[in-house]
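Mind looking over this structure? Questions follow.
To keep things simple, chains are lettered A, B, C and D as they appear, and every chain counts its residues starting from 1.
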């Protein structure tokens, strides 16, 4: 099965993602996996020498020292990039995205949307004004069995939703860490928030994607366990949904020993559903009689696989599912749009961060989530 | 290994536990498993005919229609019972326990301690005044690997405790149920509380037993999902410990499909620990490097096994561990006392119920846990 | 639910099972768990002093130095034992069983049936001649989900059986061990066989119980990995069934690190089935589409539980299920007979041992299993 | 982390892998994942129209109707391919490989090596005679935790190896299947063997890779369960190693419901090791005391990851690990050679197939494995 079709790969640019970055390499693999994109240009670092070195190491055709210049130059070229991946620290997402949107270049932006809710509103305006599209890489919602989970919920298999528990537990910031990735994530000026923004928004979006419901209120307790830390490294939020459902969201970077601790549990009036990133190809649906069905990709109806069930696919493949769908949308097939996270997901995530921070500041008072 | 020794079995009585009861049969098996007790007398039901029928079905030597009469009569007999198991609905625990304590008969009482905190204080006085002992059957803390977990924590393997998550999820009350067991549990007059009391106190005690720490404040959201229900069937509480640790407790009777959904997760500064009732003989300890050790009963240092590792033991064996330890204490060996739950655990559980109810009434405000 | 009913417990005797024994204590707990038996007499050791000490430690009413004397004396008493549990080394099973059968006392015998096939035939005659019954404690077939597995197979859910894989892996004899339990098991004169007899027969019986089919031919490779060992400590046998199904049986005592490594996997033309002792309450049934159902005790139709699903039961409860059924049969209810292992299972196990030994001696030639 | 470096991608060709093929697409993704190769030429089908259509769908620069012509033409071009991936049915591996080896083009060949042992010898000669290299895509040995497993074994953590059990269970051929992939695999003229060749050789190679030992003798039982099938669809082989270790290999295409049922279990004198394709990122090492360590990619010392542990990688990433190492070798870095499967693995696999077939024909007689 050829997934990318015979059309020529879409020329892609990248901002951020130079030496020492993590998520830049992930985007590059995801963009390349199905041959749907080809990376030709980049402003890989705000440090020009580093940008140059990184571009050379990657064999990029065109390297820029500045993203504004890049947006302008690429827009002017006949063979210029049609889309750009933004993999900078959070506080740069908005200015970079705006520059490319204004140049008519599609934007594929890493999460969270921005460092502040003000920035986010600003970007929302820019998206509205642009003829280009905006995509946000909440990659977990592109796992085949998450797409299947959404279908299972949508067709009513759980009955009315009552309980939601979503967790994203990591342990890598259990103590002070001075890697490049740790430093910007724990600097409030660059990240805007700690665990709540970096992984809390992933959990928030995942639950919303599968349930097609968003909490209206949160009551949050946020902590900075590592003494010197200036942002939260643990957030525990209670959730209330307009429907009457209740929930919990727990995101932690000090859950020592945890690798890939993302999980979603839903309980309705008829059945329950569970998914864990550590076994991403299994979706468990349990009925009122306690008997569980372990669904595999053989049951995935979204066509999001590259191999038959039993050939483990994971994180990179899910990420590539986003890129493949984005390529289809850019190519004119609007079918995948309803499952691609975009500006609305970003605004919702920023509203969650803000509400959680306000609630925590008010000692956990129930606080409305305002987008 | 003979666990019960050659001494004659201790004569035991039972109040409650007649036809249609669940926990009475569990107590009887637990009491009998190691030959440490022999059940000889009972007031098995408040309905005299039912009491009589049940006693006959069990082949009891002496059946009473009234627990006060039983306490008096048994205390007067030379061969009278030395201990009594109380397996009535919650609101009767205290009057029954007082009657036997006053008669100098040891009390083995099912949890939670009482229907109200006032009753609980009353009982605490009675325990203090009596020469007999009081035990509370929080059975989960008697699983070998929970005893081992406590030892692991006590010796500092986790470092300083940061995060606690304890859950007890059941689904059997997802809709209206009219069995005998469901009816008294959902009647506020008999139970005093819903999920928070019936299984929330188990979760509360389990976390306290393993960590040797008790939260000072809770912020709770309690719900009655089933329309006609007059008690909570779901509680989600945030926890704060005096040490600065944070936690969450989630108990639900509407987590559809869940059977045995009791779990404990701890994260410290050095390592994490996880235990689940569905695999009760496994204790997982994970270090900062993400590598997990799966400990089995071969590592249990508490001597709480009847068979070598690999011969699955479970709920009844853990329950019987309590009875065996109680027999030892009654026999004069005070060694097991520090791991046997008693009046203090009961008071702590009642304080948790009260604080959670107050917090929920105050829309989740942080509320002190006052014993 | 009262399982034992109100009838008085059946007086039980025991031969073997004194100090330092393992399986004797298991039988005693199993016999006692439901109050169906009461242990009153024993010849607990062939060493009279040890027998006396053990009987005293257990509080037995009557201790005998010799099993023949015990059979005679008990048969003569009005209140004598009605059944005897034989938990000696294998080579004594037959003489002891014969003595009690001849005295009209029901026999509950540990497995394997005997040390040699000749002994086994001799016993089969004695069983036929006696008015008493003979039971063999292949305890694993009494797990609720194994009984359910048998029902699932019987109703045709798997279609025609094609593949069987049964394993019993232990590691406790990975090196020389000089415990009492190890010594008789590795002495050919007392055990008659090594891994093939001690645990291979369990695997053989379990597969036969669930499938209701028995292989007609085996091709075996047997090894004594520990240099000084005089019996096999590992056997790997290929199996052929009259129906055309194929299989494998692997039993090992040198599978280092394995605890409870008993598992059964079946594949038919329509579905597959899997059970593992490490999760004894789960039965997995997988269809041709790869989707698995995890069945729990909520689905057990055999009524073999003491607690609701979610309250883990295991090895001792399954063992007690045998005793409870035996009590019912002794009490006149012949319903449980078809699921109770007896002389036929014993003869089949001995035939398997003999065929495997002959095949191994012939360098793995296919060898008929002759009962 | 840039894995591919800045050097230009290596031009790659492909023979086979046109419409309807499975493994061709896998090779293409694997070759592309790290940007190390670029697919520019192909003879994608023996049917010229199909070849043309497939090449167009993939956007190949150059499409050939015949592999001999392709080898010649590409060798003659300055910008011709440096390596070719062979993803045809088995009987074509050898002629195609020879054509490219003779043209001095590196060969990346799917397994098994050939349809017959004669073909295999012929190819071995050609490899020896060529200045180009030959690689065989036994992809499972490139999983990070399999590479780690090999290191664990090599450093002696298991002690002396005693027991090996390797299984590859699939269910997709449980009945007659008429897909393109099924048809050639079940045609003896094209495949040379059934389950033993298609997946048995994977199991054989995996065990050899991790243990660095190869069995000297096999005793096999092979079956064609599906009535019309002309090749084996199930093989069960007992294994004997020169060291005295014993083992079992079980490969099945009729193990209904199985997806990804590849597993390896090793038991030594000191510890045991287990790996399963369904959880490919976990390596379990269990000591004599029964305590298990679950190792993750955090412990992988081979540098075979694209993401940190906790971001699930699987089948495609392992396959890409082969391609990445091959690119390194082609680029002059010979370091990866010792972990890349090649002609020796292929000859060993063919010797296994032949020995198994001879043994099965001799009713399971122990048969030497002769390369």
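Here, a contact is a pair of C-beta atoms (placed from the backbone, for glycine too) under 8 Å apart; a residue touches a chain by one contact, two chains touch by 3 or more.
What you are looking at is a predicted structure, and each value in this text was computed from that prediction instead of being measured.
Asks: Farthest chain from subunit A, going by the mean of C-alpha atoms per chain?
Replies: Measuring from the centre of subunit A, the most distant chain centre belongs to C.
Asks: Answer with same or different: of all residue numbers used at the interface between subunit B and subunit D, are over half used by both copies?
Replies: same
Asks: What whole-Å value do you get for the distance between subunit A and subunit D if each is reduced to the mean of its CA atoms?
Replies: Centres of subunit A and subunit D (C-alpha means) sit 35 Å apart.
Asks: I'd like the Å distance between the centres of subunit B and subunit D, where a centre is the mean of that chain's Cα atoms.
Replies: Computed value for the inter-centroid distance: 55 Å.
Asks: Using mean CA coordinates as chain centres, what's the gap between subunit C and subunit D in Å?
Replies: Here subunit C and subunit D have centroids separated by 43 Å.
Asks: At least two other chains touched by the same residue of subunit C: list those residues.
Replies: 258-259, 289-292, 296, 298, 309-310
Asks: Under the stated contact criterion, what part of subunit B meets subunit A in this complex?
Replies: Checking each residue of subunit B against subunit A gives 162-163, 165, 171, 174-175, 219, 221, 223, 225, 234, 236, 238, 240, 246, 248, 250, 252, 254-259, 267-272, 286-292, 363-366.
Asks: Across the complex, what residues on subunit B touch subunit D?
Replies: Per the touch definition, subunit B meets subunit D at residues 289-296, 298-299, 309-310.
Asks: Can you check the complex and tell me which residues of subunit D touch subunit A?
Replies: 1-3, 5-8, 22, 25-26, 28-29, 32-35, 54, 56-59, 170, 172, 258-261, 277-280, 296, 298, 306-317
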